[in-house]
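The data blocks that follow each hold one structure.
Below are two complexes that have chain A in common, paired first with chain B and then with chain C.
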Partner chain A sequence: MSTAAAAHPPYSMPRVTLGRAGTATLLLLPIALVNAMGFIVPVLNLLRMSFYEALAGGGIRETFTLASWSGLFRDAFYVDLIVNSIVVSLSITFATLLVSYPIALYLHRSSGRWRTFLTVLVISPLLTSAVVRTYGWIALLADQGPIVGSIAALGFTPPRLMFNTTGVVIGLTEILMPYMILSLLAGFGRLDPRVEEAAMTLGARPSQTFWRVILPLTVPGIALGCLLCFVLAVSSFITPKLLGGGRVFLLATEIYDQAIVTLNWPLAATLSMLVLIIFGAALAVYARVLRVIE
Partner chain B sequence: MEAGQTSVPMKIVVFILFLFLLAPVLLVIPISFSGEQILTFPPASWSFRWYVALTQNSAMISAFWTSLLLGTIVTVLSLLAAIPAAYVIVRMRTKGSEFLYNLFTAPLLLPTIVLGLAILIVFASAGFLGSFWGLVIGHLVITLPYALRVLATTLGNISLACEEAASTLGGRPFTVFRRVTLPMMAPGIVAATALCFLVSFDEVVITLFLTGPRLTTLPVELFHHVESRADPLVASVSVLLILLTLAVVMVVDRSVGLSKTFVK
Partner chain C sequence: MSKLCTLLAVSGVALAISSPAFAETVTLAAYSGIFQDHYTKAVVEPFMKANPNIKIEFYGMPNSAQMLGTLRAQKAAPQIDIVIMDVSVAKAGTDEGLFDKIDESVSKNVADLYPAARAEGVGGVAVTFDNLVLLYNKEQVKTAPTSWNALWDKQYAGKVTIPAVPDIQGTTLTIIANKMAGGDDYKKSVEAGIKKLGELAPNVQTWDPKPDVYTPIANGQAALGIGWNARAQVYADTSGGKLGVVLPQEGSGFQINMINLVKNAPQSAAAKTFIDYALKPETQAAFTEEMFYAPTNSKAKISPTALSRTAAGAMDKMIAIDWIAVAGIRDAITEQWRRRIIPLSR
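Now for the complex of A and B:
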């Protein structure tokens, strides 16, 4: 009960005949309908689907079988796929942390209009479609592109940067940077310049100040940013699909292919549930890290 | 070196990292003026040919109108459903309020690839695939949580004093809501409108599962275009999209102020 309703019951009570509970139910009905139709029922159905049997040609038999689940761990292709997805996502998370940390630290130390301007620069890529940003990376990383061209001009063997894992890691690192920077900033609250000052006054070198003072104080932000980026990397689809060119097999691209191309919905559902299990595991690791540093 | 200061080499590193962050977005602007047949950077010649090609691409244009109509309908429906829901959850607080809030914002916790597949399977048996109203529901699933979150936060920050005064003076609950609460929620409503529209207009993954051969949205059309061939057409569309986003953001900035909207 709100304080207003408690303080002035005669005036705050709805005078509609429906009564308070009835009015509330009626007002919540639209959002509850969408939630049920587009979220609760589909997700429960997806869980059920992962225990159905897939028949040849896209058919489904409504039984209860662990075939899709056990198939995942017996087929070497899927074991590789799962391990590869996790390893690639961890590399992306680490790379994103490396390139985001200096920007976040710089932003944390700046102030006024300059800080607002830089914050807008960090947020602005979030307002641009992932398709557009991936397209930009295709232009940059192409075989005739500026990066491969400059490497060749310096006399090195030009590497392939596109349609392989390298391209996916580069593209996703950039795409996830804003999330990492914003998470780091949110966790930088405990970083007080006076603490750094104290360390330096006591004779610490800049590198010592960083490793012994700044870094430990920013661990909460690092943990939050890494959790968010890992979760987003494991489930990202657009960038791996376009920059991988069908040659990089990750969980999200495989879910799409199984659902749309192969029409094996039970397997697609099982892979989806696996993504959610990986989310849960990442969350558990995060909670553990937070408990250790507290 | 003073504490809390950034050294010059560090500033150079930060500058290069900013360049890395912004490179792909900035790059599409020169590419859109390319005179080449295929996607190259830097282009060997310059022209407006890809903007001209865009005006003749009926698939892109119809996808744009679909996205615009979809975004508008989804935004209106999101507000109509989320404003009453935010009111009930914040102002008519009961034990279940927090549970309902978490339930209604839960779709944002799921990756869109999983949510898209889940909706695809249910909608396929209901015959909603490739239909406009199927897309509307699919988009509402993710715009409603954003709208609810913004509106509930706004409502929670508004003091009860004005509403209490109005009802003490004899205003009926609906009159108080319409004449007092709603106007005070205006900044939140503007923010929710912009957010819902941008989320719907930009959505790719869920939409990819729900569109059919005769009905696509602009991001899905762009995705298929990039997937099948590399030419500068996508760059010219991208530049127009960036301008549209800027326009939306500026309207929000003029009416309520950006920092109030996006920084809580």
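Now for the complex of A and C:
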């Protein structure tokens, strides 16, 4: 009697079966709605704004003109600006990769409490805002700062480390390091210590092991980290603004100037769309890299 | 769903009836930071004491462009009644139909304003005059400079800080440099000024001082720079004698803040009462004594000490800058700076 009741519970909830596709749609619906309202609609607005006409003094006429777009490619300043943004962002990405890779590799190989401690150490800079860290760099790189001071004390003429591209690259490299390290770690899954041991057993020198075994196995992590850092570097605004000294013209700072100072919203919108196109291109390159290594 | 709607509607109504603790709340948008502190003390608080049924809500924003952006976004249903912003931005706002006209029917005081307080095609009228000044660090520059030429002095190479165009401090400096270099009418050409500023470029440490131009000069990171008089005077007092302010012998140019009445403002009548108060000679005098903006009302009585810290005593040396005309050539000036001035400082 009692076993029968347990096998067939008298009260059972009415079941609604949705099927896999239905469940997936239902689960995706909230985020799709949020994204549509918080991202797609504003981007479409921006796209429409980029075809408005900018009047002298900050006015906007709601018409359809290609003036902002064509002006971008006819004006050497903007061509330079775009090239410069990409080159500077690529340099920052490369520098970040170079300094983060050894740290990530060491972290990947460590274990236990030590690994937890180091991971917390890597993530801890993210607890401080980029503004505060940038002001920290201003104190370090200033003309009266410790770095310039030590170079001068050694008898060399110190180079200018701040208010130029050098300062922007130094500042952003440090600020983006946690993202790079975490992405590298996430992509190091295929790196099995036994493979390295096998290479050594077969007589490979440490450098050979690195170039022919470790590096190829960590490409997914490198690709992910570079994509993330490049995108963050192109869109970063506060660090170039504070460390660039008005000499470094980048897309993000120019968008700010056009939107907030000159009040040329159509041009600001056009530049924003251009940043989106650059992101699309970066994603395409990333997808291609992943396809090649698969 | 219908429950949610009810909830929203109820809380909306609750919000609507809970806010007017005073009969009318007027929202005034203007600069945040020290402008807000001093304007609140010298103008807003005395106004509320004199008009106990009107509450002024000061909505501080960092710059005029952001105010314009906010007004644009609220065009269908304005939340702001009054805005104090730079004249060229006020012109753009007027062109977009964001402002009502302020004339004698709004405030009798409009009749007493200086001629420069009214600009063609701008709905509002001037509420403050400010002017560009030379700033110096008193520890690094021992004798007070008397001329803008100090900026070009090679002994301060790498120690000069200039807010570059599109900031209008850079625009004003271009017009001053143009006059110094013997240039003719700046509205026709600023070629001479651009050339002269090209010679200044190698001295420049930063074209984008942060958080503002006054701080790095007061703390010694830079030795010389340019800034606005009113703020410079306040910071000179608070810097413990480190920041020096000079109105150079070659004169300077004015920056004008207009007070504007937002079209379809929710509290239009009370807003007009405040505008009338803000333009009164007594209010104008009080704000000049407080923050050293020159008054726009010709009947304002100012103490000689405060007056000497504004440009009011040197009117004959001032360059009359037509900011509405400058708005038309601003893009061209910016282009010249980026191609021919800033690259020379790399």
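The working rule: the second predicted complex is superposed on the first by the 253 of 294 C-alpha atoms of A that agree within 3 Å, B and C clash if a C-alpha of one lies under 4 Å from a C-alpha of the other, contacts with A are read in each partner's own complex, and residues count from 1 in each chain.
The definition used in the following text is that contacts are C-beta pairs under 8 Å (C-beta built on N, C-alpha and C of every residue); 3 or more make two chains touch, one makes a residue touch a chain.
Please read these numbers as outputs of a predicted model, since none were measured by experiment.
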First (chain B), second (chain C), both or neither touched by A:P206: first
Contacts of A:N164 with chain B and chain C, given as first, second, both or neither: second
Which partner reaches more residues of chain A (counting touched residues only), chain B or chain C: B
Chain B versus chain C as contact partner of A:R20, first or second or both or neither: first
Touching partner for A:P102 - first (chain B), second (chain C), both, neither: first
Touching partner for A:S124 - first (chain B), second (chain C), both, neither: first
Touched partner set for A:A142, first chain B, second chain C, both or neither: both
Chain B versus chain C as contact partner of A:R247, first or second or both or neither: second
First (chain B), second (chain C), both or neither touched by A:M49: first
Residues on chain A lying within both footprints (that of chain B and that of chain C): 142, 144, 241-242, 259-260
Chain B-touching residues of chain A, taken from the complex the two chains share: 1-5, 7-8, 11-12, 14-16, 20, 23-24, 27-28, 30-32, 34-35, 37-39, 41-43, 45-46, 49, 99-100, 102-103, 105-106, 109, 116, 118, 120-125, 127-140, 142, 144-146, 171, 174, 177-178, 193-194, 196-197, 199-200, 206, 209, 231-232, 234-235, 237-238, 241-242, 252, 255-256, 259-260, 265, 268-269, 272, 275-276, 279
Residues of chain A touching chain C in the complex: 55-60, 77, 142-144, 160, 163-164, 241-242, 244-247, 249, 257, 259-264
Chain A-touching residues of chain C, taken from the complex the two chains share: 63, 65-66, 68-69, 88-89, 91-92, 95-96, 158, 164, 166-167, 205-208, 210, 220-221, 324, 327-328, 330-331, 334-335, 338-339, 342, 345-346
Chain B to chain A touching residues, read off their complex: 1-7, 10-11, 13-14, 17-18, 20-28, 31, 39-42, 80-82, 84-85, 87-88, 91-94, 100, 103-104, 106-107, 110-115, 117-122, 137-138, 140-141, 144, 148, 160, 163-164, 167-168, 170, 172-173, 198, 202, 204-205, 208-209, 219, 222-223, 226-227, 230, 234-235, 238, 241-242, 245, 249, 258-259, 262
